[in-house]
Amino acid sequence: MNPSLLAGLVGAALVGLGLYGLIAHPHPLRKLLAFNLVGSGVFLVFGVVARRGAAAGYAFDPVPQAMVITGIVVAFAASALAVALILRLAVAGGDVSLDPQASGRRDDGEAE
Amino acid sequence: MIAALLVATLAAPAIFLAACFVGKWRERALAWQFLAPAPGLAAGIFGLSHAPVAVDFPGLGLSLTLDPPGALLLAFAALLWMAVTAALWRDRAPGARFGISWLLTMFGGLGVFVAGDLVSFYLVYALVSLPAYGLFAFSEDPEKRRAGAIYLAFALLGEALLLLAFALLAAGEPHGSARIADVMAALPASPWRDAALALIVAGFGMKIGLIPFNGWMPLNYAAAPIPAAAVLSGAGVKAGVIGLIRFLPLGVPMEGWGEALAALGFLTAFYGVAIGLAQRTPKTILAYSSISQMGVIAAALGLGLARGDTGAAGDMAFYGANHLLVKSALFLTIGAVASAGRLSRRSLVLAAALALSLAGLPLTGGALAKLASKAQFASGMPALLATLASIASAMLMTHFLIHLTEMSGEAAEDARRETPAVLIRFWPALALGALLLPWFFADAPGEALSLGKIWDGFWPVAVGVAAALGWRRSGLAAPKIPAGDSIVLYERGFARMMALGPVFETADARLRQWPAAAASLLLIVLALLAAASI
Amino acid sequence: MSVLADLFSLAAVGAGVFFFIAGTAGLLRFPDSLTRLHALSKADNLGLGLVVLGLIPRAENPLAALKLVVVWALVLLSGASTAQLIGRVLRRGRE
Amino acid sequence: MIAQPATTPGGFLLVLAVLLPAAGTLFSFALGSRAAEKIALGLTPVGFFLACLVAMKVAAAGAPIAYAIGGLPPPLGIALRADGVSAVMMVTASIIVAAAAFYARAKFATPDGVEESRGALTFWIMIQAIWAALNLIFVGGDLFNLYVALELLTFAAVPLVCIDGRPETLAAALRYLLFALFGSVSYLLGVALLYGLYGTLDISLLAQRVGAAPMVWTAAALMTAGLLAKTALFPLHLWLPPAHANAPAAASAVLSGLVVKGSFFLALRLWFYVLPALPTAAPGAVLGALGALAVIFGSVLALRQARLKLLVAYSTVAQIGYLFFVFPLAAGAHVWSPLGWSGGVMQILAHAFAKAAMFLAAGLVAEALGHDRIAGFRGAARALPLTFLTLGLGGLSLMGLPPTGGFEAKWLMLRAAAASGQWIWSLPILGGGLLAGGYVYRILAPALADGEAAIQARPERSREAIALGLAVIALALAFAPQGFFDFLEIGRPFASGSAP
Amino acid sequence: MSVLPLLDIGLALLVVAVAAWTIAARNLFASVLGYVAYGLLLALVWVRLHAPDIALTEAAVGGGVTGVLLVTAGKRLDALKATRSGAGPGLRERIVAGALSALVAGALAFVVASLPTPAPSLAPQAAAAAAGPGAGLGNPITAVLISYRAFDTMLEKIVLLLAVLGIWSVGADDAWGSAPAPLRRARPDGAMVLLARILAPIGALIGVHIFWVGADAPGGAFQGGALLAAMWMVAMMARLLEAPRIGSRALRLALISGPAVFLTVGLAGNILAGSFFAFPPGFAKPLILFIEAFMVLSVAVALPMMVAGPPDGESKP
């Protein structure tokens, strides 16, 4: 088993684990962690693609690697924004549930 | 010249409509809107004696046509609109909401007779259907609101069916033309012929009240004030007639379709009378009479379709034009009678002539209309059924006259209030006009004066009147059937459908839970993958 | 010479690995957090130090060797600070 | 497919169209909310002008215009490409953004005596960022670059949802953000696979290289599902109704009118520009079926809402469904494909204008009455005639009655459905129209009825006029000449040249 | 020779195990800690994939800054004891979720395993172009980021900016303009202060170094900036520095400087080099370093501001 295939399988496993967490965890912060797992799994697939593209004396294809760096930055920004929303929601109402019906809160509040 | 008139037919109401959007012009525009049908009247009269014309505006995808059947209906409709509109606004100034609804309905009611392509026909047809809601349904009266909602539901359903029909028609035209003449020429060879025909019959059938789509009409006419009922029953319903005339491939014999339509038409004709006889308010009885008359038209068109007879178009346009005048005059009669309190003998004769004209009473326009339908009901079963329909009509109209004279109390008060004073004052003239005007437009009026034809016209009327009087004398009570008959069933079905609403709501609430939605996303991935790898 | 250096590397890295394993075992087996902390800091300080020591002869140039030492020093610093912070939290929790 | 030069005359306009609002975002951030408002408003005519220029260039060339960034052609560099649909979408976006911006001045002005206010800075920056992201989505030629644009769009849209800071809007925003992120990673995974397969992410290069392999389908399925999540296609619409119904009216107009169309546009790009050569009938049918469900569910739910803005938001769920009929109706190189394509694009445009107009009008209603409960609308049309005229005209388009863009769209789709023998799609198209009739009736019937509505504050004429203007555009679309539909075919692979 | 594959497999298993732990952990805080460890392990995987640049990024962002972000969030949530998050799905739903996730992961594994050989690659072109006159860089990744895919990179910086503004915008209206809440409320301990005093200057030096060598060796603007950001956060945690007021003009300018300079140079490229985002031959490398310097500044400021959160009226100076 070569390293890039191994990493690809790890990526797939991470995607699977993350997807499960994203679906099943009720707490949004846990969902966020799961999202980051899926994200890193996807980045690993990019990494595998980059590694497989080794040619012309280079150990990797730089284009997908550059994309991963961009992707990591974007994923971090997303996490930070989500964390800010979660914290604010916790402070405002104490209820951070994403399913209003499940927690008995209505989501069709009156207009301004 | 004719092209200019055609354009003006649509442009005039459009200009009045545009003026309504300027606050300070609105009132004046509405007051003067009786002038808007004038170009249509001119075009109609002009077009009667000329070969069919078509005006195309390729840039807009718009095309207008005028052929004799359309011209005849256009002329009569324009006349009716002008008369009623002028009287209504002279007598009182209805509010802007009513006025704009009126103007829009008029726009559509004139436009249907000249629209030459599918899209513009659809537009003007929607205009003659939907804004009419504003003429009667804004009311505190729950019965009127109910009538409005039902009217709108049928109108929208009809629109939907026609949209699909038109799409099929357009798809059957190989060159991409949307002109009605072109798509109809291509229809007999189109692979979607049968579906298109079924949709056309159903769609326009809703407008003219063919069973089982007849229930809205009695509710509508009962709820509408008399002037509105007059134009809707007179000019409005004819949009369905012109629709059938335009969109049935009359030139090509289609046995199955033609006979089916004829059967449906006759069924409607007798059904309308039967239910109408059980009604007690004059407006409702007139509505059932309309249903019955439209059934006759549908039957004649069906027979024409079966034989591939293009003449049916002109004949039924004439029949429809006569009905247009007479039915609207009859609605005004209700107002006139109500305000007179008691009918003088002369008025009674006039009212009776008007009413029985629908049954083909000799010397009235109805006799000419009946004559025009003879080509379709020449012999055999159709002839028999047509005669029976005449008898039935005479019965129903006698029933109407009886209830007209017995009208009292609140109903009479309403009728008096609703009818403009001018129309009441000039009612005898209007009635006479409605009886005589068709004579100027008939192909061979002289024929109707032959003794044989007079006898042919007379005896069914006499039988019908006698039967109605005899029935009344017998004291047999008709069963109580609510106005709108089958509509009650539809409402029940609709209520059952509405009860599904909470089911949808629950399902939506479930699906909008995070785990369900997130799992759906994965399911969609897998479904797309599975679909692609099949 | 190179054999000697290799032997030295082997011995030092081996010793470092031993401390890492010992530290890990302590982390898993010791009864409470303070003692676990104690075991862990051994792994960091001694284990990493020995590994770095073993790798220095194999560095390509003096700058690389210096980098290795700097890495060790930084780990020492952060490890000590973290241990101190955790310890303080634990003590506060006990009081 | 004809090879396009990397950069064509006029291509630089595309870069400017993206960078102009992007630069506006940066300067607004540095200069504060008072300047941000001026910058955003000042940019709207310039952006509109640029979009029109692009459209003119495309029309003049009769072919897409393109620009290779940095002079480096794909596969290494990023190309921007504008075809007929791109140009039309850019013009649409610029009009709706401008309308929302001028409408929002009343609500998001920086109050006197304050150096800067939270709502104002957020709104004015985010609306420019949305605009930049949309322009890039419309002209982007590289799938990863489009991913960045999509994220830019999401990051700009989410704060608009919770700009008023109430807990329910925060929850809506969080739900929107997390689900959109879920969609993003799915899309990105597909992008990774495509690069792994073909070594490029340039749309036109990919179109030449793709074949019907299981891996391609996996990538396409992942990307599509991700885009659907951001488009809120049923049953992925969990975030849309609360988000669109609770955002301020100007924001809702942009979110509902434009933002969901951004991700849909990418789905179009994927299926019609990257994969046009593949047999897409079966996946197209899956998408169409989801669209049909969306039409039915969204309309029924809209019928049952008690609040105007929620009703309009659910109507968006339904109208999004119509968009997806384009996949079964316009695929391949059949005679009816141009009809389906024109119908799909027309639906995008008609819904964008009509829905933006309705949200703006709904905002005015809520401000004037102090609430937006439909039960309390009795007689409101007499007090707010222009606003209810706007709602009526917009509703006409949603119902698909002539003369409106919504009618034109349904008419074209039905013709395509008939011509292709896929009559099954005509059922949801017509049924949705009937249900739309029902919910529009629910708004208008009480409003037009007699009664006295208590008006708390009369809205400014200018804001009513802005909403009405958008509705009139939705109406005017019905009169689009043949040339317009020919223009939409420019640059579409397999365009047979004979539009409807 | 034979030990490396074993190490790889061990590393893979470890990464998956830690990932599974973060999903399975009962406690929110435990799962956050698991994620931080996961981020560091992942950096090793990137090294094994010959992706040192990503490894640096992952270590700095995935393990470092995200770790601080999540740990801070977890602590703040724990402090608000009353948060409710609703009940989790039932067993049946969990099984369905697990089955669906496994199916998708399986499909993905299949696809990854059957990627074509030889793999398509842009490496030769990228390397050739990176060394060419338009860029003149030894590190092809930096060339891709700043030159060929400049549009991506510039927009990504705008994404960061929007995230900062989005985070600020969830704050209260009357707090607008003030500074975010400090990362640690309590007065710091001596150890923390000592750590910050020693570590921060060294870390900052290393950050600048990573940026500087990024043109030719692994590293670059983002990695350098992230390290600087981490050092600033350490200093903030030790309360040696306080977060600036969000209304501060200097802060705003620092935040936009990266994308703004990039955008300006990109626009100027049309005049100087004949195309937007092209660099005039000969000046490419200095221009790229010039842009990157500002990007380092933007990143170093943006990341801590994102971690610090929305403005908090209490810490108004």
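In this document, chain identifiers A, B, C, D and E correspond to the written order of the chains, with residue numbering beginning at 1 in each.
Methods note: contacts are C-beta pairs under 8 Å (C-beta built on N, C-alpha and C of every residue); 3 or more make two chains touch, one makes a residue touch a chain.
Computed from a predicted model, the values in this text were never measured in an experiment.
> Using the contact definition given at the top, which chains are in touch with both subunit A and subunit D?
For subunit A paired with subunit D, the chains in contact with each are B, E, in label order.
> Give me the ID of the chain with the smallest distance between its Cα centroid and the all-protein Cα centroid.
D
> Quick check: more C-beta contact pairs in D-E or B-E?
Per the contact counts, D-E leads.
> Could you please state the distance in Å, as a whole number, between where the Cα atoms of subunit B are centred and where those of subunit E are centred?
71
> Can you give the whole-Å distance between the Cα centres of subunit C and subunit D?
Those two chain centres are 57 Å apart.
> Subunit B to subunit D: how many Å between their CA centres?
For subunit B versus subunit D, the centre distance works out to 41 Å.
> Express in whole angstrom the distance between the two chain centres, defined as the mean CA positions of subunit C and subunit E.
28
> Could you check subunit E for residues that touch two or more other chains and list them?
89, 93, 97, 100-101, 104, 107-108, 112, 115, 119-122, 126, 148-149, 152, 156, 159, 162-163, 166, 170-171
> At least two partner chains per residue is the criterion; list those residues in subunit D.
Within subunit D, the residues that touch at least two other chains are 76, 144, 148, 151, 155, 158, 162, 165, 170, 175, 182, 189, 193, 196, 199, 214, 218, 241.
> Going by the touch definition at the top, which pairs of chains touch each other?
According to the stated criterion, the contacting chain pairs are A-B, A-D, A-E, B-D, B-E, C-E, D-E.
> Please name which positions on subunit B make contact with subunit A in the complex.
Contacts found on subunit B: 509, 512-515, 518-519, 522.
> Using the touch definition from the top, list the residues of subunit B that touch subunit D in their complex.
Counting only subunit B, the residues touching subunit D are 59-61, 97, 119, 122-123, 126, 130, 134, 137-140, 148-149, 152, 156-157, 159-161, 163-164, 166-168, 170-171, 176, 192, 195, 500-501, 504-505, 507-508, 511-514, 516-518, 520-522, 524-529, 531-534.
> Any idea which subunit D residues touch subunit B in the complex?
175, 179, 182-183, 186, 214, 217-218, 220-222, 224-225, 228-229, 234-238, 241, 280, 282-283, 285-287, 290, 297, 300-301, 303-304, 336, 399-403, 407, 410-411, 414-415, 417-419, 423, 426, 430-431, 433-434, 437, 441, 445, 448-450, 479, 481-482, 500
> For subunit A, which residues count as touching subunit D in their complex?
Counting only subunit A, the residues touching subunit D are 15, 22, 28, 31-32, 35, 38-39, 42, 45-46, 48-49, 52-53, 61, 63-64, 67, 70-71, 74, 77-78, 81-82, 85-86, 88-89, 92-93, 95-98, 100, 105-112.
> Touching residues of subunit D toward subunit A in the complex: what are they?
For this pair, the touching residues of subunit D are 76, 144, 148, 151, 155, 158, 162, 164-175, 177-178, 181-182, 184-185, 188-189, 192-193, 195-196, 199, 241-242, 245-246, 248, 305, 307-310, 366, 371-372.
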